[in-house]
Amino acid sequence: ADKVVLQLKWVTQAQFAGYYVAKDKGFYEEEGLDVEIKPGGPDIAPPQVIAGGGADVVVDWMPSALATREKGVPLVNIAQPFKSSGMMLTCLKESGVATPADFKGKTLGVWFFGNEYPFLSWMSQLGLKTDGGPDGVTVLKQGFNVDPLIQKQAACISTMTYNEYWQVIDAGIKPEDLVTFKYEDQGVATLEDGLYVLEDKLKDPAFKEKMVKFVRASMKGWKYAEANPDEAAGIVLENDATGAQTEEHQKRMMGEIAKLTAGSNGALDEADYKRTVASLMKGGSDPVITKEPEGAFTHEITDAALK
Amino acid sequence: MEKPSFLRDRIMPVGTILLALLVIWYIAVIFLNAPFERDTAARAGTPISFSEIVPKTMFQQRPVLPAPHQVVAEIWDTTVNKPITSKRSLVYHAWITLSATLLGFGIGTLLGILLAVGIVHNRAMDRSLMPWVIASQTIPILAIAPMIIVVLNAVGIAGLLPKALISTYLSFFPIVVGMVKGLRSPEQIQLDLMHTYYASPSQTFWKLRWPASMPYLFTSLKVAIAIALVGAIVGELPTGAVSGLGARLLAGSYYGQTVQIWSALFMAAALAATLVIIVGFAHTAVLRRMGVKP
Amino acid sequence: MNSALIVGAIAFWLIAWAINEWLVRRKFKNRTAARAARLAVPLLFGITILVLWEGLVRGLNVPSVLLPPPSMIWTRLINSLPTLWADFQQTFLKAVITGYALGCGLGFLVAIAIDRSPFLQKGLLPLGNFVSALPVIGVAPIMVMWFGFDWQSKVAVVVIMTFFPMLVNTVSGLAATSSMERDLMRTYAASWFQTLLKLRLPAAWPFIFNALKINSTLALIGAIVAEFFGTPIVGMGFRISTEVGRMNVDMVWAEIAVAAVAGSAFYGLVALVERAVTFWHPSVRGGQA
Amino acid sequence: MTITPASVVSARSLGLTFETNDGPVNALTGVDLDVNKGDFVSFIGPSGCGKTTFLRVIADLEKPTSGTITVNGTTPEDARKNRSYGYVFQAAALYPWRTIEKNIALPLEIMGYSAADQKARIERTLDLVNLTGFSKKFPWQLSGGMQQRASIARALAFDADLLLMDEPFGALDEIVRDHLNEQLLKLWDRTNKTICFVTHSIPEAVYLSTKIVVMSPRPGRVTDVIESTLPKERPLDIRETPEFLEIASRVREGLRAGHSYDE
Amino acid sequence: MTITPASVVSARSLGLTFETNDGPVNALTGVDLDVNKGDFVSFIGPSGCGKTTFLRVIADLEKPTSGTITVNGTTPEDARKNRSYGYVFQAAALYPWRTIEKNIALPLEIMGYSAADQKARIERTLDLVNLTGFSKKFPWQLSGGMQQRASIARALAFDADLLLMDEPFGALDEIVRDHLNEQLLKLWDRTNKTICFVTHSIPEAVYLSTKIVVMSPRPGRVTDVIESTLPKERPLDIRETPEFLEIASRVREGLRAGHSYDE
């Protein structure tokens, strides 16, 4: 079988259910592929891994992938299983935030490590500085959890619809005590979880062939996961080596994830791409990318895979 | 002279201190966890009295500080109640971390001693290497660990070794510092004696410098093994954090499971204490063999 | 691949090594010449590493998101001085220095307390071992929870990291006196405190300085790693973890360079004080090898 | 077994056995001895016979395993805590991180002498042992004999009524030794100290002492106690008088008798 | 200034100055001396006059700052590398982590003697210094004199043609000392070794030596070299002969002349 190494963006969880399902259900095997799934973590940058030859294909967010491309590692999007963004800002009502206009002077928790771009471009749209001055907002680098909100160290924190939001709820805060702003609704959403490979490798027909099979099987996995969320959550749980995930949480996450992947057959929607690029190029004082990227995506793979 | 008694000399003091710590801990639990209960009550609009808060602080789902009995229950549950091969067993994760720790510590000790020997015996190394060994330690390992792992992966090394190397990176330094001092600690007259015999550097090393450095070596080993454990845990982050105590800590922190964090922390601390105590026993045994006046 | 660059770098390395060997073997009549040679040796060694690095990275076409060449790092460093300075202030001046002082101080005081009371020695020392390896990853989030996300929580992490080396070394050092030296104090019926001050502390200095040296670099590592877990958006650790994600690896290395220089200077300072305080110790007095 | 009030050291069937890795070593057995106030007692005996051990028992640095001993009428421990003696060790035991003057200042600092007093005492005792000019040197910069003299100076710097001296003049040449012998006698005469003095030199023992204790080894015990009949005033040339020579030969006899060489 | 082939140590206007924190110390100045093969040379002089320093220069433990010195016709360094001497330090310098027999075995191990040979030599030298039975003890379990004897045994255990002994018998009582003096003379006679011997005892120096070097301090220099007229065969009672006493008084004169006490 052909060996394919996939580097995930984060730890094993339902966010990546499609790949685990494809592997577990033998979809990859059917295509003659032997896929190794490497979980990510807070200190793993998928672009670095792929540049160093540690993976054939990676899951990454588009802002980070485009930034990497500009830095000389030519990543190419070959498929986009996630149609919409799950990122949002969740605020405590009691902190006095009701609309984006109330952000001024507040402390906001943000994920960095390449995930801050959508936030920064939103803030620059709002005309808010992020340097902690009185006219702007104070930004705090959020850890991997929702403590800053619960400890009231921040008025709002970044959450994903499928994960952190529910942790806030689990911590005993009622949905009606919260105000949420989805990036999707604010028009600053960027594309999340896409599949990326190195451009020069795509010149190799054998590799291309391999990717076609891979994408086809993965999408099959995704669609299966959407249809059978509970089973998919169970498969993810099986593959979690930390033994720290709970069934309840993964099932719920799978349900939310299914909403995000629902609109996609795997092919990248060029409108979404354009919107992402536009919001990244605005990026305020420190734009993520300085010039329109070229060749940052290809439909060749999905076209072949979805035939 | 009274005969030493195990109960009086060991259990009693440790027990007393432990008890004191427990009391402090419980008090801290009440005060750190109370604000959350108050907030919940305030949001619900029901006033709550202090005496109602206290029992609640003991059993929170996501306490700021879990109560000791919660941690004990969790540890008990994840060690005794789970088969040790299970991914949910803390023993399984502890073993993963321990194996990386021991490998890293072993390599680190060897490397540290070799470097110290080089530095003590070769002036060029002393002058040129030491500043860079120091500089190497100021490089935050987490920053370059991913690169190391990626590079190692590219040449086909994966699994235990990359983690062990990170723990090596942290643990060799205390050994170098301690051993450079220890190997230089023989008195002038002891060195002169070797000089009169025209002893070769290796003879001087084995018969004088090495035995003279023992107190320094063992002190360094204690520090190094503790740091090696920290290194192994830290090293689990960039290696994918799939298993091991570090992965448990991270997952616990990621999902806000304070009780799980604390039980992993306790496991790590207990592991470290055990390792340090073992090194301590080795130290005493070696000293006794070296005829040190009791 | 550019083999000329690689060969050139390796040749440079070999030549520099030879010069170094020659320099340390030479005896200088002139004092300033001798001092210059002392300085030249590590400097040359460092330059060699940099040249080798530059040559290999460029020669082997290593992507700059993996390892940028030193020249690129230097340019970045020069262009980002204000950011670097702000980060340095936050991490080094606030977190590291405070945490180092508190951690070393605490380790020292506990060691003294343990020494003073046999009860504590039996009760506290085994528990002290427990603190020895509280991993940053586990502790940092808890400290952020307790002390807030600003530098105070980093101080707490640094305290925890530096405490144990100091404790162990001080305890060992206090035991490092010879029986005759202790007997002398007994004949004076010196109090515990007097014996500590006049005999056991001086004899312990070499050990204590070992801990101070180890901690000088450990504190920096601790503070930087702690900043991976929730910080305000300034600080060396914050910058490193963020810029890695942004693939600005040159900035990461610029930050690392600052850390290395600051850490080495810190270490050097401790080593200098050590030479002054333990001038009598054979390791400082220096015997022939 | 009444202890006269003037008895400074009084040992009754004192024994001390060291436990070592290869069996017990009998360092002292059945030692009975009284040292009275103002006595100058020399201990002489072959190497390893327990002289140092006995001094260490008096100084409460070693606990006897049998018998009793009182110092100044109390236990050795209380005597030590009263700072009633000064001890010169067989090896110099100077602290390497202190200069010579600081080493001499050590007991003075501990016993709380004023700075001015310290200075005066350091100067006086340095002069006594002829080390003026070396006050700022570190121990490793001195010759063996100079280190020994520094350690004598350290014990003389403060006012202890009882001096325990373990071969203080062993590493000194005849002339310095004579000089220091004289000085010590003068000091003893002037201050009425009690002195316990270990030496290997028979003439030195006879010249200095009011009482000479001859010991013999394995197990260490007292074989002879010789009361000196020499006058208190002792010029150096007393060493040529027949009386002196007679005592010396008696000591030599005792020493030879207890000795293990059979030649 | 031709060096006769039999010259073992030959110093010409040798000088050594130590640099210390408070100024230079002149340990040796203008020392001219020849020691011939088979000589037994004693060095005597007040404490701090540079005896140890001179021995250390011969042993290549200290580099002279002026003048020249040859040992066995070569530089001290080459002589050391040929393992041509054994050195007994003023302090015992035993390694605390080795038992007595292991301490004596140290040079034998380094010089590669066979295990059986080591054992035989350890036994023989332990017997020579009367320490049989203490072979398994650690240094701190021995008395001062025993430690010194162990260090003598260590230097005698291997066959060096030149023995450098720095006050080897300082901490020993008269009788052991007499015994060891005799043994040393026998050894010297039998093996035709050359011996440089530092002592503070005038009788010892006269009894043992073929040549007595009297030194004086500040700066350390040789003030007198006395060739002994005593026969090679020396029973202990030779010390009562007028010839012996005459030499002894000449040494005492020389010593007193160079001394700094003006009494």
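Just so it is clear, A, B, C, D and E label the chains in written order, and each chain counts residues from 1 on its own.
In this section, a residue touches a chain if its C-beta (ideal position, glycine included) is under 8 Å from a C-beta of that chain, and two chains touch if they have at least 3 such contacts.
All figures in this text were calculated on a predicted structure; none of them were measured in a lab.
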Looking at the contacts, which chains touch subunit B and subunit D alike? C, E
Relative to subunit D, the most remote chain by C-alpha centroid is chain A
More contacting C-beta pairs: A-B or B-C? B-C
Centroid comparison with subunit E (C-alpha atoms), farthest chain: A
Rounded Å distance, subunit C centre to subunit E centre (Cα mean): 49
Take the average of all CA coordinates in subunit D, do the same for subunit E, and state the distance between these two points in whole angstrom. 28
Between subunit A and subunit B, what is the separation of their C-alpha centroids in Å? 35
Subunit C and subunit D: spacing of chain centres that average the CA atoms, whole Å: 50
For subunit E, what residues touch not just one other chain but two or more? 91, 138, 140
When you check subunit A against every other chain, which residues touch at least two of them? 42-43, 45, 48, 51-52, 143-145, 147, 151
Among subunit B residues, those touching two or more other chains are 64, 142, 146-147, 150-151, 188, 192, 195, 237, 250, 252-253, 291, 293
Full enumeration of touching chain pairs: A-B, A-C, B-C, B-E, C-D, D-E
Interfacial residue positions of subunit D with respect to subunit E in the complex: 18, 20-22, 25, 44-48, 51-53, 90-91, 130, 136-138, 141-146, 149, 166-167, 170-177, 179, 200-202, 252, 255-256, 259-261, 263
Residue positions on subunit A within touch of subunit B in the complex are 11-12, 38-45, 48-49, 51-54, 94, 143-147, 150-151, 167, 170-174, 177, 240-246, 249
So in the complex, the part of subunit C that touches subunit B is made up of which residues? 20-21, 23-25, 38, 41-42, 44-46, 49, 66-67, 119-124, 126-127, 129-139, 141-142, 145-146, 161, 164-165, 168-169, 172, 175-176, 179, 206-207, 210-211, 213-214, 217-218, 220-221, 224-225, 228-229, 236-237, 240-241, 244, 252, 255-256, 259-264, 267-268, 281-283, 285-289
Enumerate the contact residues on subunit B facing subunit C in the complex. 9-10, 12-18, 21, 32, 64, 120-121, 123-124, 127-132, 134-135, 137-144, 146-147, 150-151, 170, 173-174, 177-178, 180-181, 184-188, 191-192, 195, 201, 204, 215-216, 218-220, 222-223, 226-227, 229-230, 233-234, 237, 245-246, 249-250, 252-253, 258, 261, 264-265, 268-273, 275-277, 293
Within the complex, which stretch of subunit E touches subunit B? 56, 59-61, 80-83, 85-87, 89, 91, 93, 95-99, 106-107, 109-111, 138, 140
